[in-house]
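Labels run A, B, C and D following the written order; every chain starts at residue 1.
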Amino acid sequence: MLNQVSFVIVQALVSLKRNIWLTIASILTVMTALILLGGSVFFLANTSNLATSFESQIEIAVFINDNQNREQVIDLRNQIQVMAGVDTVELTAKEDAIIEFQESMGSSSLLEDLGGINPFPDKITVKATDARLVEGIANQIAEINGVDKVRYGQGILEKLIQFTDWLRWIGIAVVAAFAFASFLLITLNIKTNVNSRENEIQIMRLVGASNGLIKWPFFIEGLLLGFIGGIISIGIVGIGYNWLLQYIITTLAFLPVVADQMFMISVFALMLIGGMIMGVLASVFAVRKFLK
Amino acid sequence: MISIKNVSKIYSNGARALSNINLEISKSEFVFLVGPSGAGKSTLIKLMYREEEATRGQVFIDTINLSRLNPKQVPLLRRRTGVIFQDFKLLPTKTVFENVAFAQQVIGKSKQEIKVNTLNILELVGLSRKKDSFPSELSGGEQQRVCVARALVNKPQILLADEPTGNLDIDNAWGIMELLDKINREGTTVVMATHAMHIVEKMAKRVVKVEEGRITDHKLGEAY
Amino acid sequence: MLNQVSFVIVQALVSLKRNIWLTIASILTVMTALILLGGSVFFLANTSNLATSFESQIEIAVFINDNQNREQVIDLRNQIQVMAGVDTVELTAKEDAIIEFQESMGSSSLLEDLGGINPFPDKITVKATDARLVEGIANQIAEINGVDKVRYGQGILEKLIQFTDWLRWIGIAVVAAFAFASFLLITLNIKTNVNSRENEIQIMRLVGASNGLIKWPFFIEGLLLGFIGGIISIGIVGIGYNWLLQYIITTLAFLPVVADQMFMISVFALMLIGGMIMGVLASVFAVRKFLK
Amino acid sequence: MISIKNVSKIYSNGARALSNINLEISKSEFVFLVGPSGAGKSTLIKLMYREEEATRGQVFIDTINLSRLNPKQVPLLRRRTGVIFQDFKLLPTKTVFENVAFAQQVIGKSKQEIKVNTLNILELVGLSRKKDSFPSELSGGEQQRVCVARALVNKPQILLADEPTGNLDIDNAWGIMELLDKINREGTTVVMATHAMHIVEKMAKRVVKVEEGRITDHKLGEAY
């Protein structure tokens, strides 16, 4: 048994060495495939992150009745604060509102020009934890006593959600397309490898080799190809993504990026394990037809 | 040992290779198969190690009915059987040494044992100097002798030799025949298809003549 | 000569038929590759289009001095209208501005509340033909007599341009990655095909076949594989993209899409010709090494 | 016609196959190459159609120095030469008919001509019934006869036959020898490597004996 195990491993290594060009081509293929795959996962993560950040910019503007005094307003704010689905709440007093507006108009004497009358109401700005909850929260708030009017970009909201959903779907489609292409590339390549040795497999069977003895060297080859290709592509994707992150952080700081260490390590693990699994699976598919 | 009962073989393209063959070969016998090109000799041999299956009839090795054999057991059958293929069937990516070693690795022999056995048998067929060559680097006769070495190295219970001397000069051919005779005397059943009538005559063994898929003549050897 | 031409063509067709599984696998590969490629070109076109539409939403707000009368304001507008790089110009009179604001505040008596004093200036909204020209145009306008102040989201503009440039680069990178993957897939596949017939090629040479007689059937095979794969993938991408367009137009109407007939036909032509060229090129690479 | 001058051949793995061979073969001659397995017979033949190149010395066909031959002209040389390969070298994806037809297609014969020639030569080697079979569906001897048919069909100026009867029974072998003799009498130079001494003796032609890469014996045939 031990004889056979060591034989199978030696067998796989010798075959990788004797077919060195095929080995290099296979590693390059696995590499390309995994780079596409890893890259697209990062693309998906960032697309989804971007969509979330778009959504998080949706605000509900709550205008307060003029007849409410300061305590009542603060009370109102506290009331909204604890509602389900509410993330943050910010109060802009009417005094601040006019100053803000004054600055935005570039004037410094607006209140005086207006004869001391402040046309702005008190305003509470509410952010929801999820864009999909905005409409419900706004309707609830509108019912509260002392609230004059509630606004949250009706109409736009729906479109935005549709758009970000769409962005996410595109991201998933890209990952799926690349995963499919990766699998095709790797399988095809290993199939080549095995097919070119069909003759060899037949002869092994004729001299009494069991299926296991024939299969295992191919499986180990597939595993090794996936492993080596995986390591190299992790290096390339890792360096490339870090470089991109640096670039975005220094020059496009307003763009939200995914730079979570744990996430990156998971993607790299996925690439390595994915490569190895694909390598072995491809070998299984490729060898199977010769071993009925 | 080998028992062929009412066997016919029609290949999938419709070619009729064997028609209603009956043949009994007992343990330790040496049988020549002769007959013109395309008569069905190789087909008959292929049935005996189950490279092909009989279209009709049964082939038994001992008590095993080959057409009922579980696919998982085919390798076991082949490990008891040594085959010298008419077209050699050497592994192109393995050296001469490795080709002969492979037949022993499949039955799980130890590394040390394999090495000794392989070097011995290569010496016997006169290929010690070529042990690190690949099959594509050998002459026709050298390839044939590697195939002989591989078939003999496990001292099989049955040896099937399909035209084992077709590419060999007279001296080498007799060298191989002496090996086959020796292994036969040690108990191996030998079936050999050949066109070399001078060998058949000199060996004086049982001869089965096949023509157009039928056994047309049958001579018992001197031992009978 | 004619004998040999017809021989070569028959040769190619017979080989496609006898190796039917290899043929199907190759066509599937070419198909996958071209679908990825075609799909990514549409992705690039839409990304770029989206970026342009973002950019086109940048406006320059020109506030006019209070001391300018109506004729002078109209004159000013005309002056801006003819400046290089200006696309559209829109005048909002101060009377309209306060009504707009009043509506946005939900009040109906603002002007009265303010004692009849309108704090808004006249405003001209300018759009540039290219986002990159905005800054220059704004500076020029600021110099004009009668202009009080010019605003165009300084700071944001730069970021937006960087962002849209980045979007375009991503699009190009996706196309390039897919083009590379396509080429790899097709080459690898045809190489398999040819390699598995190495033995055959050697024998042909030994019985006196010229290099041309050996090469041409492979080239024609490559061409045919590319052609068939191209046609099928055009069908799939065409139907898929049309379906997507319908979906976006009916439910996400605010998203700008590329639905230009000429453009679509060009992409399809690119896919077909690309597939055929890749098929032939792959054959050339694959066969070359056997014919020194 | 064929002139070999001080030729040595060392293969890239260091195996010395030929040492300082000198041999002149004139037009329309029939020459047997004999000698033990691995002596260098096939290598000598491979030099003559430039599958291999001489390490030292020159090989001339007529006045053409093969080691100076432009790669583009190699196919032209091979079209004048028919080769019966020791390992057959049939195209596995072509039928028997197509294999024989291919050798004629490379020299641009018309479809009609190819059809007539091919059917004729297949009749002569006894394979008419097998014309639509693929090589893997043939017996060893049948494959060998396809190879013979392919080599003869263009009536080459030179015929190189490497062990053309190794897989054939006596009757078939003599049938092939008669074909070779006939084509030789029509003017083709024939070089045949063989182990079949009964054929060599009966044919009574010039015999060159090769051993360990050297010519060790040389007998002129009856014609001299």
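What we mean here is this: contacts are C-beta pairs under 8 Å (C-beta built on N, C-alpha and C of every residue); 3 or more make two chains touch, one makes a residue touch a chain.
Just so you know, these numbers come straight off a predicted model, no measurement behind them.
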{"item": "Minimum number of chain-to-chain touching steps separating chain B from chain D", "value": "1"}
{"item": "Maximum centroid distance from chain C, chain identifier (CA atoms)", "value": "B"}
{"item": "Distance between the centres, which are taken as Cα means, of chain C and chain A, whole angstrom", "value": "23"}
{"item": "Distance between the centres, which are taken as Cα means, of chain D and chain A, whole angstrom", "value": "67"}
{"item": "Inter-centroid spacing, chain B versus chain A (mean Cα positions, whole Å)", "value": "62"}
{"item": "Where chain B touches two or more other chains, by residue", "value": "none"}
{"item": "Graph class of chain-chain contacts, one of line, ring, star, complete, other", "value": "ring"}
{"item": "Set of all touching chain pairs, with the criterion as stated earlier", "value": "A-B, A-C, B-D, C-D"}
{"item": "Chain C residues touching chain D - in the complex, by the definition given at the top", "value": "1, 3-4, 7, 15, 18-19, 197, 199-200, 203-211, 213, 292"}
{"item": "Complex interface listing, chain D residues touching chain C", "value": "49, 51, 71-72, 74-79, 81, 83, 85, 89-93, 102-103, 105-111, 150"}
{"item": "Residue numbers on chain C that touch chain A, as the complex places them", "value": "25, 29, 32, 36, 39, 43, 63, 105-107, 110, 113-115, 117, 119-120, 149, 159, 162-163, 166, 170, 174, 177, 180-181, 184-185, 188-189, 191-192, 195-196, 248, 251-252, 254-255"}
{"item": "Residues on chain B engaged by chain D in the complex (per definition of touch)", "value": "11, 13, 15, 34-39, 41-43, 86-87, 133, 137-142, 144-145, 162-163, 166-173, 195, 197-198"}
